[in-house]
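Shared chain: chain A. Partners: chain B in the first complex, chain C in the second.
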Partner chain A sequence: MATAQSERIFVLPGDQIDPSLIPSHPKKALRLGPGLRHIPPNELVPTVAGQLVTDPRKNSIWVEYNGGRYVPTVGDLVIGTVHHSATDYFYVTLSSYTSNAILPQLAFEMATKKTRPNLNPGALVYARVCLANRHMDPELECVSPSTGKADGLGPLNGGMLFEISLGMARRLLMRKSVEEGKVVVLEELGAAGLAFETAVGRNGKIWVNSEKTKTVLLVGRAVKETDEKSLTVDQQKKLVRKLVREMS
Partner chain B sequence: MPREAEPSLNERAFVVQALQEGLRVDGRAFDQYRQLELKFGEQYGVADVTLGKTRILVKVSAEVTTPYTDRPFDGIFTITTELSPMASPAFEVNRPTETEVLLSRLLEKTVRRSNALDTESLCLVAGQKCWSIRVDLHVLSHDGNLIDVSCFAVVAALRHFRKPDTSIEGGHLTVYTPAEREPVPLSWLHSPFCVTFSFYGEGEITILDANLLEEQLRVSSCTISLNRHGEICQIAKLGGTPVEAATLLQCASVALNKVKEFSTLLDQKLAEDAKRRNKGGLLAELSAENER
Partner chain C sequence: MTVNSEPEALLSHLQNADGSATFSFSGYTVVGAVNGPIEVQRRDELPEEAAVDVIVRPAAGVGGTRERHLESLIQSTLRQIILVDNFPRTLIQIILQVTTTPENEYVNAKVAQATSNLPILPALLQTAVLSLLSAALPLTATLTSTSLAVVADGQSKKVVLNPSPREIETSQSFHVFSFTSHDELILAESEGSFTVKEWDEAFSVAQRQCCPPTNTDDGDTLMDDGSLPGANLKQFIRSTLEGKIASDLHWK
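Entry: the complex of A and B
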């Protein structure tokens, strides 16, 4: 975790947050992450139970929790299923029982009116959330608006989708997922000589593809088991060894 | 209106591809059930069954009522199923989905019409008083294969249930509390169980105990209800891709093996529960029931 504090601080919804915990940066404005609510003029209230995390360098504060429902936030990488398409948009399902997100048909790399991709209902896309307001449908994009490059986003072909918890998805997406997120399962599988590719969606999905069906199943099972049984680093290594032995 | 996300094209293609290679997504064998667990409640007639992530709670209750006028010698036996929004937000209260209707009809056919419970034994005073046995089934979590688990739970709960003891003296009916007389079990004739087969491809791939994803992708399914003596109560194959007769015959023999396993598990659990309740071995003395 990016926090400098030695001990973890847990909060419950409606708790008072000790003002000494809130980072104060001379220049940057305070950024509130998920799980916190600002009540004007100057009150911060947690809305979920979890660990309070602060980052003094970015002047940000948020609550880490392993909640059930995905709430889109700008900048999240997500895996969605195309529900249907209209003239200018694809309507994409991010999670069950929520309204569809919209993905403009021109928000793909090198897409013009003539070359835009043709996605059938049920196709998977890896996209970034570019607009997420509380009472509006979120908007997605598969291209970086500044460079015009896809950066790995776009339709996902083949492979299999596995459901994981939101906390696991966040850990897998961390820049230093091994040190900070304590997930080594994918690295270990790669080191065991398996060839596969993955895409992790912040909405609790992981897409795995490989030439061999067995490899896909093995990777999916390893990640899901790590998630469900919240395995430690050593246990993950052991699990990978066991699964690889069973397969060969 | 809340709607469940449907499986993507990738998942559809992959699951079928894997099945054709002889693999299942959760790593089970084709004829392997998930871990089946059965717990009885503190009260008689409460069964809590989990199969993987599917969980079902069944409660049996009894009350004295007047019998139907066209059946004066029979008691009343009803099974009500409820798929609450707790199992999945796609289920709405008071608006039964197709799953719910099929489930309750299948249970009806399996348990009620196969005469597993002897309804004549529920009669107290002909045409005037009888027991009404009511089975309430609640789906707490839905991860596929509701039918098999529900049937197992209903049978388990009914066999675990004890109704208050009664006596009739000079046309006067007395219902005893559990403190006065030990409650008596229902007169149970045989234990039918359901085994559901799911078919894939052109109907040549057969798997048992499909989870929710597999259930959504199957091309057809077939439910066979039978007891451990191999007496088939019903076979339901509602539409879908046609399946070869030889496959169905094979399914029936697989089902028999599975039913024997269920039956053994249930007997064992019932025996364990009876032992737990029978502290000091006094239950036999407390019972006022005559041997049949």
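Entry: the complex of A and C
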């Protein structure tokens, strides 16, 4: 992404990757991102249709695409819905019709055996995936294991949940979402004087909360429209101006 | 004859499915939806790989043995290209709804009759592959498929590519071939009476159709392939997906 790629490189499953495109770094090992399969000893094959992206500085290569179902990966921030709770765990739904992820009741900030959070079915939690492999159900945590701090994770009270595409969630979660992800809708809404808070889940969900219900709906609709109509930066600014004018 | 010879496709147009595609070619239109990996019923669960479930729904009425036959053919073909070991104990569900079939103007379509199962197979397979690509499920390769009929032409016999329903009815044998994008044969279904030589001929025509040479430096072979009727499906899949990805990643 950091490189200025003059042209887009499209790949289909099973395509051959030109060896000149694979970054080579004298010291760092090559890192493979999503959408690629390594067939030992030295074959690299894309498994999804998308755009091949490389980062020579990190010596990494991956395929960028949008769509499909969320597959949990370690380190992802997700918004889950509590399905039910058992003695030690909450069972949390990350996407519909998939098996539940488990969230230990003690994986919250300041939780002890005596003071554990009480989450009813339907409650929302903002969590990090700490264990994901294909043979087991994913495991979540709402606390950083090294510091014991929540870092913004935990139960989400109030507000409303909106569904967005996986690609949009990825753009919103980028460290530089304005420059790299080209989403300015939240910044513009904030600059327009609206007070609200959001949490974005990598599983295609965005949670919006505000004191005013009107603001919650406006923010959620603005993000969804940006996603569905794939608005450019200028169009997003225009949309925000229009929505804010309509509200006042 | 209002049969479209150019393939058309629409990708990811269903809101609630993980992946979807509508594909029309030579009079057939099929809507495909893919969901997966999702939770599987206990009795269908496989401990080491994903279960692939294909459901074919006909344009009119409810499915019967004909649809079950097609489902089994598509299922065994697709599970060879889907990376099923990436998602053990899950289900990948593929639903194919036929919406249009070409009319045979020589036959009263209202009279129920036993007809061949195979002619719709290429359209179903193509829709399934486009839907899987739209759902971003990991695949080893894509595939292209084509149908051929061997028609008696006086004394000699000729191979007709993408035959019309009338041509299929009057043909002596009918064949469906599928090739992966690595130009490997993955499905070969035939019906009617034919000799091995005829099959070989049909196979080579199908191979030329599904696996066009990618290098365009040889002018002579290009001229030969240009005379083949029908579209280059391999190129079609690529250009369709390129368009979809370019619009998905417009922000990049």
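Following the convention adopted for this analysis, the second predicted complex is superposed on the first by the 246 of 248 C-alpha atoms of A that agree within 3 Å, B and C clash if a C-alpha of one lies under 4 Å from a C-alpha of the other, contacts with A are read in each partner's own complex, and residues count from 1 in each chain.
What we mean here is this: a residue touches a chain if its C-beta (ideal position, glycine included) is under 8 Å from a C-beta of that chain, and two chains touch if they have at least 3 such contacts.
All of these numbers come straight from a predicted model, not from anything done at the bench.
K.L.:
Output check: A:P13 vs chain B and chain C. Expected answer is one of first, second, both, neither. What do you get?
P.N.:
Only chain C is touched by A:P13; chain B is not.
K.L.:
Using the superposition on chain A described above, determine whether A:Q51 touches chain B (first), chain C (second), both, or neither.
P.N.:
The answer is second: A:Q51 touches chain C but not chain B.
K.L.:
Going by the contact rule set out at the top, does A:N120 touch chain B (first), chain C (second), both, or neither?
P.N.:
Touch status of A:N120: first partner only.
K.L.:
Scan A:Y97 for contacts with chain B and chain C and give back first, second, both or neither.
P.N.:
It touches chain B and chain C both.
K.L.:
Scan A:T232 for contacts with chain B and chain C and give back first, second, both or neither.
P.N.:
second
K.L.:
Scan A:G158 for contacts with chain B and chain C and give back first, second, both or neither.
P.N.:
A:G158 contacts chain B only, not chain C.
K.L.:
May I ask you to name which of chain B and chain C touches more residues of chain A?
P.N.:
C
K.L.:
Jot down the residues of chain A that show up as touching in both complexes, chain B in one and chain C in the other.
P.N.:
97
K.L.:
Can you list the residues on chain C that touch chain A in the complex?
P.N.:
The touching residues are 12, 18-19, 35-39, 81, 83, 86-90, 133-142, 180-182, 237-238, 241-242, 244-252.
K.L.:
Using the touch rule from the top, collect the residues of chain A that touch chain B in their complex.
P.N.:
Touching chain B from chain A are residues 81, 93, 95-97, 120, 122-124, 156-161, 207, 213-214, 216-217, 220-221.
K.L.:
How about chain A: which of its residues touch chain C in the complex?
P.N.:
Against chain C, the touching part of chain A is residues 1, 8, 10, 12-15, 35, 37, 45, 47-51, 64-69, 71, 97-99, 134-135, 167, 171, 181-183, 230, 232.
K.L.:
Mind pulling up the chain B residues that touch chain A in the complex?
P.N.:
Touch list, chain B to chain A: 2-15, 17-18, 21, 23, 25-27, 89-90.
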